[in-house]
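Before any comments, here is the structure.
Labels run A, B, C, D and E following the written order; every chain starts at residue 1.
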Amino acid sequence: MVAEILSNHLLTALIFLPAAGAALMLLFPAAQTGAAKAFAIAVSVAELALAVSLWLRFDPQTPGYQFVEHAAWVPALGISYSLGIDGISLVLILLTAVLTPVSLLFSWTHVAKSERAFSISFLALATGIIGTLCALDLALFYVLWEVMLVPMYFIIGVWGGSRRIYAAMKFFFFTMAGSLLMFLAILYVAARHHASTGEWSFLLSDLTRIDFPMGVQAVLFFAFALAFAIKVPVFPLHTWLPDAHTEAPTAGSIMLAGVLLKLGVYGYLRFALPLFPEAALQYGPWVGALGVIGVVYGALVAYPQKDMKRLVAYSSVSHLGLVVVGVGAFTATALSGAVLQMVNHGLSTGALFLLVGVLYERRHTRDISAYGGIAGIVPITTGLFLVATFSSIGLPGLNGFVGEFLILVGTWISPHPWWAAVAATGVVLSAIYMLTMVQRVFWNPLVHEENKTLRDIRPSELIPACVLVALMIWVGVRPNDVLDRIRPSVDALQASVNAKRKQADARTLSGPLPHAFEPAHAFQPAGGPR
Amino acid sequence: MIGGIPLNDVLLASGALFVIGLAGALLRKNAISIFLSIEVMMNAANLALIGYGSALGTREGQIVVFFVIAIAAAEASVGLAIFVSLFRHTETIDVNEIHLLKW
Amino acid sequence: MSAFPADRIVFDVAAIVAVLFAGLMVVHRHPVKSVLAVVVAFFFLAVSYVVLSAPFIAALQVIVYAGAILVLFLFVLMLLNVAPESGAVGRRPIQAFLSGAALIVFAALLLSLFRRSGAEIRGAGASAGLGEIAPLARLLFSDYLLPFEALSVLLLAALVGAFVLARKEET
Amino acid sequence: MTGLVRFGAEELAAVLPEIVLAATGCLLILLDAFAPRMRSWFATLSLAGIAGSLYFLLRAPLGASFGGRLETSPLTSLVGVFIGGTAMIAVLIAKPYLRRSGEERGEFYALLLWGHLGVSLLTRGLDLLVVFVGVELLSLAFYVLAGFFRRIPASSEAALKYFLTGAFGSAFTLYGIVFLFAKSGSVRISALSQVGLDADPLVLFGLLLLLAGFGFKMSVAPFHAWAPDVYQGMPTPAVAYLSVAPKAASVLVLYRVCGAVFLGGMPDRFRAAVVALAILSMTLGNVVALAQRDIKRLLAYSGIAQMGYVLIALAVFGRDALAAIVVFFFAYLAANAGAFAAVAVLYRDETKPHPIGLLAGEGRRSPFAAGVLALCLFSLAGIPATAGFIGKFFLFKAAVDRGLYALAIIGVINSLVSIGYYLKVVYILYMRDSVEPDAPPRLGLAGGLALGLCAAGILLLGVFPARLWDLARGATEAFPFFGP
Amino acid sequence: MTSLSPPLWLIPALPLAGFLLCLLFGKRLGKTFVSAVGPGSVALATVAAFLRLIPFFGGSHAPVVEKLADWITAGAFSVDISLRLDPLSALMISFVTFVGFLIHLYSVGYMSHDETGAGYARYFAYLNLFMFSMLVLVLGNNFLILFVGWEGVGLCSYLLIGYYYDREYAASAGRKAFVVNRIGDFGFLIGMFFIFRLFGSLDFSTVFGAAAEDPGRFAPYLTVTCLCLFVGAAGKSAQVPLYVWLPDAMAGPTPVSALIHAATMVTAGVYMVTRCNVLFRLAPDAMLVVAIVGTVTAIFAATIALAQNDIKKVLAYSTVSQLGYMFLACGVGAYVAGMFHVMTHAFFKACLFLGSGSVIHAMGGEQDMRKMGGLRSKMPVTFWTFLIATLALSGIPPLAGFFSKDAILTGAFEGHRNVIFGIGLLTAGMTAFYMFRLVSLTFTGGFRGTHEQEHHLHESPRTMTLPLIVLAILSVVGGWIGLPPAISESGDRFGRFLAPIFPALPSVHAETGVLAHGTEWLLMAVSTAVAAGGLYLAWTWYGKQEGRVPARVAAAFPGTYALVRDKFRIDELYDLLFVRPFHALAWFLWKVVDVLVIDGILNAVAFLVELAGDLLRFLQTGNVRNYALTFFLGVVALVLAVIGVF
């Protein structure tokens, strides 16, 4: 039975294991918080185990969807419960599965009230996220996409900081605002499919077959892109992020920055691109341009921040801007880089939030000026923080560099090389703001008395941090372990889109740079020799 | 023509009554008068029903009127009871004075 | 027959009086007097019913309406000895203005509607037999049995309701 | 057609549900008068009555009886189940509520049942007279229920306002019926299906008056004004019923009449009017709800807004839309009735108003009720995986399918606004610290049952909507009237 | 490959292991452990390196590539982890490992005063990590691996400059170093992008091979490519305008300055340019730029050095100046000379820094030369080694510096870059001058410091003096492997050794004719004379007359003097031009764009909706007549809308 599920319904198991755990925890007596927390962590670890087995059983060679499941949900409307993953979803799923136990473990000592509900929210969140990553039916996708909001809303609003309610509401509103338009767009697409074929269906594979006139496509693309852009978030729709990150509890910030933001990009890749390729082609440059703006803008705004989490939050804006640039460039290299960079950002920013959390739990302030010179007091925290910092500013040997470099070089060989040129300034800017923070927090003379007695990192904090650092090094040294799994999906994506693009080649491959710049084999749309 | 009576006359009368009742309902202040005006409106309807019924040569008009009158009676009893029970609290049935529930 | 038959005279007079008294009800400040005005109005409506060959309804009108209902009104008025209204319109100018305007528009609409309707319906001459009671009764207890029974429930509900609301407060 | 109708076995079978209701009502009155000690059983008895009437409704032979005045069809059965469910929930809410406020009397249940009878006539009547009597029965019963707590001024005032506006509204309804009668020469709805009527100003006028009258019952702006005040003053269980069942019945009636008249589909100007009402209702309801301090008023305005969504489906005017309405109302039942049930549980003192602030911290103090309330609010807000989302989903799908894009967009913008106040309540529940000193009353079986049922309904319908949709869609296939 | 010649990866791997050991266990296992592991690992690396090099030196100098693994493969882009041993990298690792080892050794003594084991372990961990990165840098077989090392050494320099993290200026200096380097790296990145877009690969042999094969195809775009690369080089090797970080970098411990900021890391730029000589040679304009920047840097830094009083600052600016010299060499096409100077400079500049370190050690941390003097007697070893190194730097034959510097000047002269040659010559004189000023002020005359300082003066321990001696010896003999043809036709073993990395380029017409010996002799004589002149002047002014003349000069031109003493106030200028505007922009974007505009608009919308609600709710007057009216109005409106007026 179980074996059968694990073999044929692995994704279902993956999605509903946390939900089941959460449901079970409702039965726990509210008093026994310890048991509840332990149980939650156990569940999340089991989830991680499942995810790892998924990773191992995933076949990097096949480009299509794997572990596909299909069941009718609302047959009358062709809404189906259909799941499947490709490399892109795979890596994000694994990331989620890693970050969930990390968050829970970190929160072991750091949740003041109603720990049980806290753990439940996180498991529910995991279900939502992973479900979103597996859904191949637009209706199902939308449902899960929205479901995620609720636990996150509670996580921010109940366990957050002083302005938590404002932040929670802002978070909910922004995301809702985007997705509601997308909701209508989905309905429209389905209705179109119904009109043309007489069949109701919300399956991605069916809906991609429709050809929309350019005008319609533009509108629909806008509706989708808006929803995803808000989630990413792309400038100028980013202002919910700093508040949400700052006010959310540490674990919440980890999940938020680690995974939720990625879903914007993921949605763009998985749905917006295949559904509306021409529009994506026509407005892709705008997307990329916004990404570029995001890179510089986020970095600049991050610099003067006084609040550590806020600074990291703006750095996220910058990093995800870079990811968006990669998506906009749409060369195989840049796309792979973008996907990889999502993982990297999840790890490094997650670690940063975690370590900021470590300090916050001791001093109950995130104000940079409240620290300084504590490197000697909390050496381990400092060391880990340094690693995370350098991963985040893209030091070779750590994960950040690989993604960053791939995106930039991939963009450089795209029609828009100058994006890369501008975006590369992020290399300098990130160093400026991150190292300034590091200096003002860890270096410099130790002025505040209360910092002299800071307790260094606890095991329950150290373990998750070390896990993240280990992953950073792993991805930094052996990025191909990840890239190999991404590659076929990226190629397939490109192929599918390029196939639908009218005279795509002419447009993708002639750039502003002189022709002689084009290296012979970068001409291949799927990119590069195997 | 109903007998010798042009339908128009009937309808005009009905319309006049309805509008008058409406005016009363909108302009009077004490609940009873308002309700009274509403009764007038219903009678306007009755008149029109009778008129149409006769004009179309069907009894349904009268039947409906029969029901309306009965309902009106029922409404009256309940309504007046409501006024009374409210009066116990407010000592008035001037609707301008009755705005505990608002906004 | 002549252009101006007797029953038309009767109807018009009755209708006009009814309308006049109804208007009196609206303008009259003193509730009791306005009830009385309505009594008169309803009585004359009954008269017009008669000429519209609906004697049964006429009877109901007098007995139930002019009789029972309005008397009930009077009772309640006495019970609560409601004071005459003072300056009904004056203190609510907006209400008054909007009402007035809307009323005029509405009246105009009704007028125009009735004109065409009155013109287009050519009554079937067989209005004579409509007055008899027996067929009415038969209809009530056959075709209209369902609403009739529903009506009984409604009356029961009204009865209980009135009782619930009006009974003395006990424990 | 005037062939005299005999009251035969099939008539009996058809009307048995109503008879059961009426009889149960009478029984309750008698018991209350002569066996007051049995009062604690009244709720159970009423439930039995409703259940019985449902049973007979589902057993009743399909087709029109009483000379085509009473319909028994899959649709009426489905709607019957819906309103029956509403009534049961209301009774369940009423039980502890009345007990607490020392008003546990037979009359309450009796009137509830009779009002329910009226609604059932609304849903089944194929004859404007029956419909009118049904409306009046409903109204009378609820006038009284509004004023049921005579000790409480607010209650009496609610009664007064409901009564005056209600009577006013039914005068218009009646006048509308007159015009329809004038053209068709009969009060049967089917008689309206004559060529040419859909263009006739007189008929349109009548229809509009009906639209106003039933719009009033649905509390659609601008005929909504009574709702907030009445909901606030009325005993909560009654509100739970009034705010759900009659609205559905009214839409159904409107659908019937419009369906009968508009053989060639809804004329554009009429549709435009309905659309205007929808937009006005959504916008006004949502925007004003943002400013509400009293939970019952807030729910009233939310209801106004929700009826705006329903009107979207009326504007779409088709079988899918009708089915969508049915599904929507099942969702609405679970969410709205559930919300009122939670309100009835969470507020201690009926004599006082129900400020939202009082809910602060309940999330931790009475987790179950608060949880259900939150769930209901999310459902009303249309968050996926709840019934509310499903309801909206079908509505908007119908609109988009019909090409009413602007309306749909306004709709979603509105539901974005609505999130503002729904979430406000949620965060007060969970993210504020408690202000009320004494703990909430213990949750009884009945209350718990009501809450549990609603929550279960929300989640079940939210996750497995297929069955209900198929039922609704199938039922509408048999819908008597429709153009081509 | 015999067991005696280890695989290339072992050479960087050993310091890496040392790094991990020190980092993880150093604190717990204490100083002795660290002192063993830190220098030990480097010593082993050195051994490994030489085991590998000796056969290489002997045998054919054919490049060896050892691929370890694929690293990144994505789309069109693919690069692997592979190391390369060819004359250039061989040269580099030879002196990097060796000098590195000496400095590790020196550090054992120098850092001994560090009371906490933690700091000590940290120091050696970083130092080992640096060795690792540096070796990866020079061994890398493609631009990306090179870049890995490139960034790695940047990181280590950041960490080591900020070693005294609780001193704000040290922390800031570290940050400054990293950021400025990053600006260079930005250029480097773009350069790599160009290269990838041009050649579709980042692999050295592929790129250079393709370029050498078909220069015509790529030439037009190589200028910009090379300029971008050079920006990187300028950042790393502290060239104008990016040199500003190096002087501040002296905030780190002195051995660090010796190793990173004199001997090895800062020369990475030169190494990279030389590595890319094929591309540069195909882009003459770029080379001209390199030459000019180098020259300007050389003279500019030398000028500043004239007026510094901090012993390490003088050396720092001297380093900048010498680096300029090396780029000058590259710019005029004398890559061999450039590399030659890189090596010799590594010897004597390391020696100088270590010497100064020994001085500072003795002076208890004092770095101001005006408070020193007469140390010659107190610390003879330091003095003599220092003197030798100074002479070497000044280019006095037959010491190492003479040959390398002379080779550079010759190259400039051969390339008909006369202006550059002239400036180079002048710089040589100035170098001699400020170096001897340094020596005079520090070691001759009477002691000018406080009493307890004088009491505390002592020669440094063996671990410190030993490296000094070794380096001094190297500063003497180091130059003899690259004798100019004039002295011995076959003397330029160095040049011949490096020759393979300068493939002939068809398109580039080699018009650098060989000079007649006479001219060469002349050049040597001139440069020697200039150096000697500088020496003499400094000696007389500062050694004999205790600096009265310069004082008068300074008094005569106070403005100019202040300007020079304040390093031409370049930092202040940058602060004005870049730092402040950056702050302002950031604040503007945050406070105005983010908070005011974006959030402002959104909150405004939200507020307006709420406000509408707050106003509209008052329509609900509570007066039932109004309700009736609204109902009625609604009806009228409906009717008018649908039926209209007729």
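We take it that a residue touches a chain if its C-beta (ideal position, glycine included) is under 8 Å from a C-beta of that chain, and two chains touch if they have at least 3 such contacts.
Bear in mind the structure is a predicted one, so any value in this text is a computation, not a measurement.
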Intersection of contact partners for chain A and chain E: D
Identity of the chain that, by mean CA position, is farthest from chain E: C
Highest-count interface - the chain pair sharing the most C-beta contacts: B-C
CA centroid of chain A to CA centroid of chain B, Å: 66
Whole-Å gap between the CA centroids of chain C and chain D: 31
Rounded Å distance, chain C centre to chain E centre (Cα mean): 104
Cα-centroid distance, chain B relative to chain E, in whole angstrom: 99
In chain A, residues with contacts to at least two other chains: 173
Sequence positions of chain E contacting 2 or more other chains: 606, 617, 620, 622, 624-626, 628-629, 632-633, 635, 639, 643, 646
Multi-chain contact sites of chain C, meaning residues that touch two or more partners: 92, 95, 99, 106, 109, 117, 121, 139, 144, 147, 151, 154, 157-158, 161, 165
Pairs of chains satisfying the touch condition: A-D, A-E, B-C, B-D, B-E, C-D, C-E, D-E
In the complex with chain C, residue positions of chain B that touch it: 1-24, 26-30, 32-33, 36-37, 39-40, 43, 46-47, 50-59, 61-63, 65-67, 69-78, 80-85, 87, 93-94, 96
List of chain C residues in touch with chain B within their complex: 1, 5-8, 11-12, 15-16, 18-19, 22-23, 25-26, 31, 34-35, 38, 41-42, 45, 48-49, 51-54, 56-57, 60-61, 64-65, 68-69, 72-73, 75-77, 79-80, 82, 85, 88-89, 91-92, 95-96, 99, 103, 106-107, 110-111, 114-115, 117-119, 121-128, 130, 135-136, 139-140, 144, 147, 151, 154-155, 157-159, 161-162, 165-166
Residue ranges of chain B in contact with chain E within the complex: 22, 25-26, 29, 34, 95-96, 98-103
List of chain C residues in touch with chain D within their complex: 109, 113, 116-117, 121, 138-139, 142-147, 149-151, 153-154, 156-158, 160-161, 163-165, 169
Chain E residues touching chain A - in the complex, by the definition given at the top: 23, 69-78, 118, 144, 147-148, 151-152, 155, 158, 162, 165-168, 170-172, 174-175, 178-179, 182-183, 185-186, 189-190, 192-194, 196-201, 217-218, 220-221, 582-583, 585-587, 589-590, 593-594, 598-599, 602, 606
